[in-house]
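Presented below are the structures under discussion, each in the form of structure tokens.
Each of the next two complexes has chain A plus one other chain: chain B in the first, chain C in the second.
Then we have the complex of A and B:
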């Protein structure tokens, strides 16, 4: 991450989202802070109900009632004609939001079939967005731009004449990506864009995203439950559990040496493609009900390393001084070093009090 | 009494075609879509056969044919050594032996009825007495690790998590003590952290009850974890099959190789090919090898002739001209001349 503030696209601090009001409120996202630099890829991982989708819908103000943003600051740095300005996303009016949606921030949802109008040809979707956001473009210009965009994601121009049902799942998802890039946004958010696709198509789309990001320089927030996919694509990964960030680290570091027991559990939930076949257990139990979260660390009922402190005190997300890595786990509390289990310590590190 | 390894369900040369319409130019043309094309599979007691394939490869149609929900266009089905008459309706007796567990437990379990109803219904349909039914429901719930069973019997589907509900779904499949369990993508709708639990459960049931199991998935790594034998399907055909982990450890067919190389694997980032040349060729080749339009190693013969299923030894076969012997290739060039 660049140290200079001018290279930041998005800055989020102490962001929280509730579902419901007053006594009924359930906190779905709690105290999330992060920043995202230009043309960086941030991966967000976690199982369903961890708050990863709620987080991005909240940030982009797409959250519907009963979702309520209950705290936080979200600042977006603008580009293009408004270069240098910043906008407070949480305070912005609907008109202001309208002006930046798609042109500054765009979003790709999981189900492309539901996101495309089944009665419109693909060409019409492109035409509409280009016409609304830039009235100066003539019809042939809009068409030319649409063809350019399709070429960008490896689709033939004749796809513009097709209806969504005539395309395969992978092609539809490519159309969604091309649409998201139509107005050259600087921040693209993708919510499980490849989950419904088979692995071969997923591989192609991920490679394309990698390329597009290099060429066009947008920043990307990529949400998925598949950590190994994120490791390939992302610069940095945040792992969420029960609405909180439990670990944040550079992608490869996180993969090579996860420090939070949940991150480790998530990685060990996927059987490997190589090596001996051994029995694996995944993570015992199921995610907590956010209406009645357990006392202390929300992961404690499922954690093999939970001790007394975990049952009563919530561990804060703190920098553990290991290459810009933060973990919310008492095992790594610098103030009271504990014996860190080998699987959660740095490779080659001796176990007792292993954290500096 | 069946022993481990005994053949329970044997499907020979099953095919299923659907009639579809294609708009080509001015005329609407009818054509035959071969969803499953000459597939033979053998399910053995106490073993898991994994069927791996992408969406549209025909793996679910295959499972539905084995469950006799979709009648095959051609082919034979043998259950415990007896040939099944495929001309009539399925009948209740077949269902007692062969049960199908579907992908989405939220969609396949009645949301307005309690778990008790869901589990007792198949038992009552299959003629169990009222007294047995309650006892038996508790028993199957215990066998899928939903304990104590009385806590679950009175609950409704919305009160359970996806993982728990899928266990109920499996328990329902087990209620009538079938000898064959067909599991169609049983974990793909579940949360990542509970998937392994359900996979382990399936493996354990297969071992303890000597179930003959078919595990359908698009995730080849999960097949490697659970299966005794794996078959990879592409465009309605089995392109490669092998016992143990041979398919994942040394894939022979170019499609299997592509599949395995596509699985995210951060340990092999360096070996990653640059962005794959787009597989625009989506239509399958019906004359030659189905995979030939996408195959990076395709030979001339691949575009014109269907490859034979080549035996590589040890139960490993590959439907590919690259593995074929010279004699097999010459035989074709003579017949086509």
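Then we have the complex of A and C:
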């Protein structure tokens, strides 16, 4: 990172992940580049199998075999006592990684029930991370901090005495969020944290997250397939398809005026919160087999607007000069033979730097 | 707590059923086993013994079955299991003098192989997919060798041919049982080979079971979370192992339940004293009171072990306590 990028927390360039080795390898994430500013919220959306989870587990070096990072650069800017330093996450040793795990990057997984050790009381989970990363804290101090953290997410201190299976789904996910904030990390990654919850709890948690981020100022990568949820929380949204970013735009712009046919399809798969009832159309077909991806744009078999060029050439992610948006679609290429359809050319009511 | 109490009630009922069956069976036996037994003893039998034997089988007392049953239960409650015909002493005395050999050898063997096997299982599970996996076929082989074969081979090689270990028995026959260092040292020395054979034959089972549970547990989210939290490798392994060990602990308790019946082969092959040897002799001599006593003992160890397994699970896995919490 250059000195002008000190406001950045994370910088990712040309990041690729394979599953399997050599000839057997299947590319699950291809050539992903993005950067994340301090206290910013990046939403990552896409269907199951689009590579969004693989992307973040790859970035944090938590991929399980046979996942292999095959290319890329990931730089994390450190905070606190190591302010000003950066660390190359892909080159870091196990020890270096261990030092920044949870204290700089923490993670919230989809199923809190599976992510919490079933044999540990909630209190022990907090006690453990606090003890391992800060030996100077005494036991009463750790307990006090744990109670503080629970209060942050609206839970009573008596929850510390409970086992995971004794809490409701929403309480468990709140525990996970509190746990993720325990060491005041500057980057929190949330992998579909609300997917397993009912809609009401989803909303509550998203609005709590919004407040927490305002107060504590951590940067957030929030993965979901529910775009309507993202738009409330994210500054910027990245839409992934078949392991690639197909569209990236300020959240509200993307929500109001999608440019990529896939983004539009994804939005039409969820009912809007307000306004008229519209028919859910969904996206015909299913995501491509990554072992034998279609030639050209991977979305072409499911795309209503696919033309000759889409079948042979991969569209690059390029700035279309529309309020900081990038889209990987030939429709928006100046040389495109087709008129951009109305549904993909609505004016975005863009406000600079994204909208709340 | 209510869960445990309910389990306890079930075991109590099972125990009562066994006792009742144990009471009824000899009384349903065709022919006259008593005369056969007395004949077998060839004159070494006193009138008191005949009376005792008859009483054991409910004959010659002109009592109703019910009175006999109440009497039987009453005797049991006082620890009176009748008189062994061949040994001419109370069955309870015979059993209590022999059980410690069985507990000492088979029990210790089970516990030792559990600890070693489980520890190895954790390590091999942790290093799955590495070259250490080569140990699996060897372990599977060891697990599939029948115990009597393994035991006999060990005796042939290490005791009969190489003379590294004593051939048979539980202590030097020239010594008499007493609390002296010489005697204890002799017991330990004579126990080495039988103990090794038990550990060898059951080690692989514990190891493979634990390794498989480790591999399954390690794919759980909370293990990945432990890594993400920046915990040391040792701590991550502990998170996985502590969860993976639960089925093994339950199995250990159940194995201890098979202590008495499992002792049969070991004690025969090594000519070691204990309940297994007693059982074989009792069967050979048709010593029914002793047999009944041993069967009761087997039933109670199995029941006790099952209860122990339940209790251990209750302590080790909070999820089994849910009913009590709410």
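We take it that the second predicted complex is superposed on the first by the 328 of 356 C-alpha atoms of A that agree within 3 Å, B and C clash if a C-alpha of one lies under 4 Å from a C-alpha of the other, contacts with A are read in each partner's own complex, and residues count from 1 in each chain.
The criterion applied here is as follows: a contact is a pair of C-beta atoms (placed from the backbone, for glycine too) under 8 Å apart; a residue touches a chain by one contact, two chains touch by 3 or more.
Please read these numbers as outputs of a predicted model, since none were measured by experiment.
Chemist: Please name the chain, chain B or chain C, that touches the greater number of residues in chain A.
Modeler: For chain A, the partner with the higher number of touched residues is B.
Chemist: Answer with first, second, both or neither: which of chain B and chain C does A:111 touch in the superposed model?
Modeler: A:111: touches chain C, not chain B.
Chemist: With both complexes superposed on chain A, which partner does A:161 reach: first (chain B), second (chain C), both or neither?
Modeler: After superposing on A, A:161 lies clear of both chain B and chain C.
Chemist: Taking the superposition on A as described, I'd like to know which of chain B and chain C A:286 touches: first, second, both or neither.
Modeler: First partner only.
Chemist: Based on the superposed arrangement, let me know which partner A:86 touches: chain B (first), chain C (second), both, or neither?
Modeler: neither
Chemist: Name the contact category of A:65: first (chain B only), second (chain C only), both, or neither.
Modeler: Touch partner of A:65: chain C, not chain B.
Chemist: Would you sort A:226 into first (chain B), second (chain C), both or neither based on which partner it touches?
Modeler: Touch status of A:226: first partner only.
Chemist: Answer with first, second, both or neither: which of chain B and chain C does A:266 touch in the superposed model?
Modeler: The first partner, chain B, only.
Chemist: What residues on chain A touch chain C, complex-wise?
Modeler: Interface residues on the chain A side: 60, 62, 64-65, 94, 97-103, 106-107, 109, 111, 114-119, 121, 128-129, 132-133, 163, 165-166.
Chemist: Mind pulling up the chain C residues that touch chain A in the complex?
Modeler: Against chain A, the touching part of chain C is residues 129, 219-222, 224-233, 235, 239, 242-243, 316-319, 322, 325-326.
Chemist: Which positions of chain B touch chain A when the two form their complex?
Modeler: My answer: residues 54-55, 161-164, 191-197, 199-200, 218-222, 224-225, 245, 248-249, 258-266, 269, 272, 274-276, 278-280, 282.
Chemist: What does chain A use to touch chain B in their complex?
Modeler: 47-49, 154, 156, 168-169, 198-204, 206-208, 210-211, 225-226, 228-229, 231-232, 252, 255, 265-266, 269-274, 277, 279-284, 286-287
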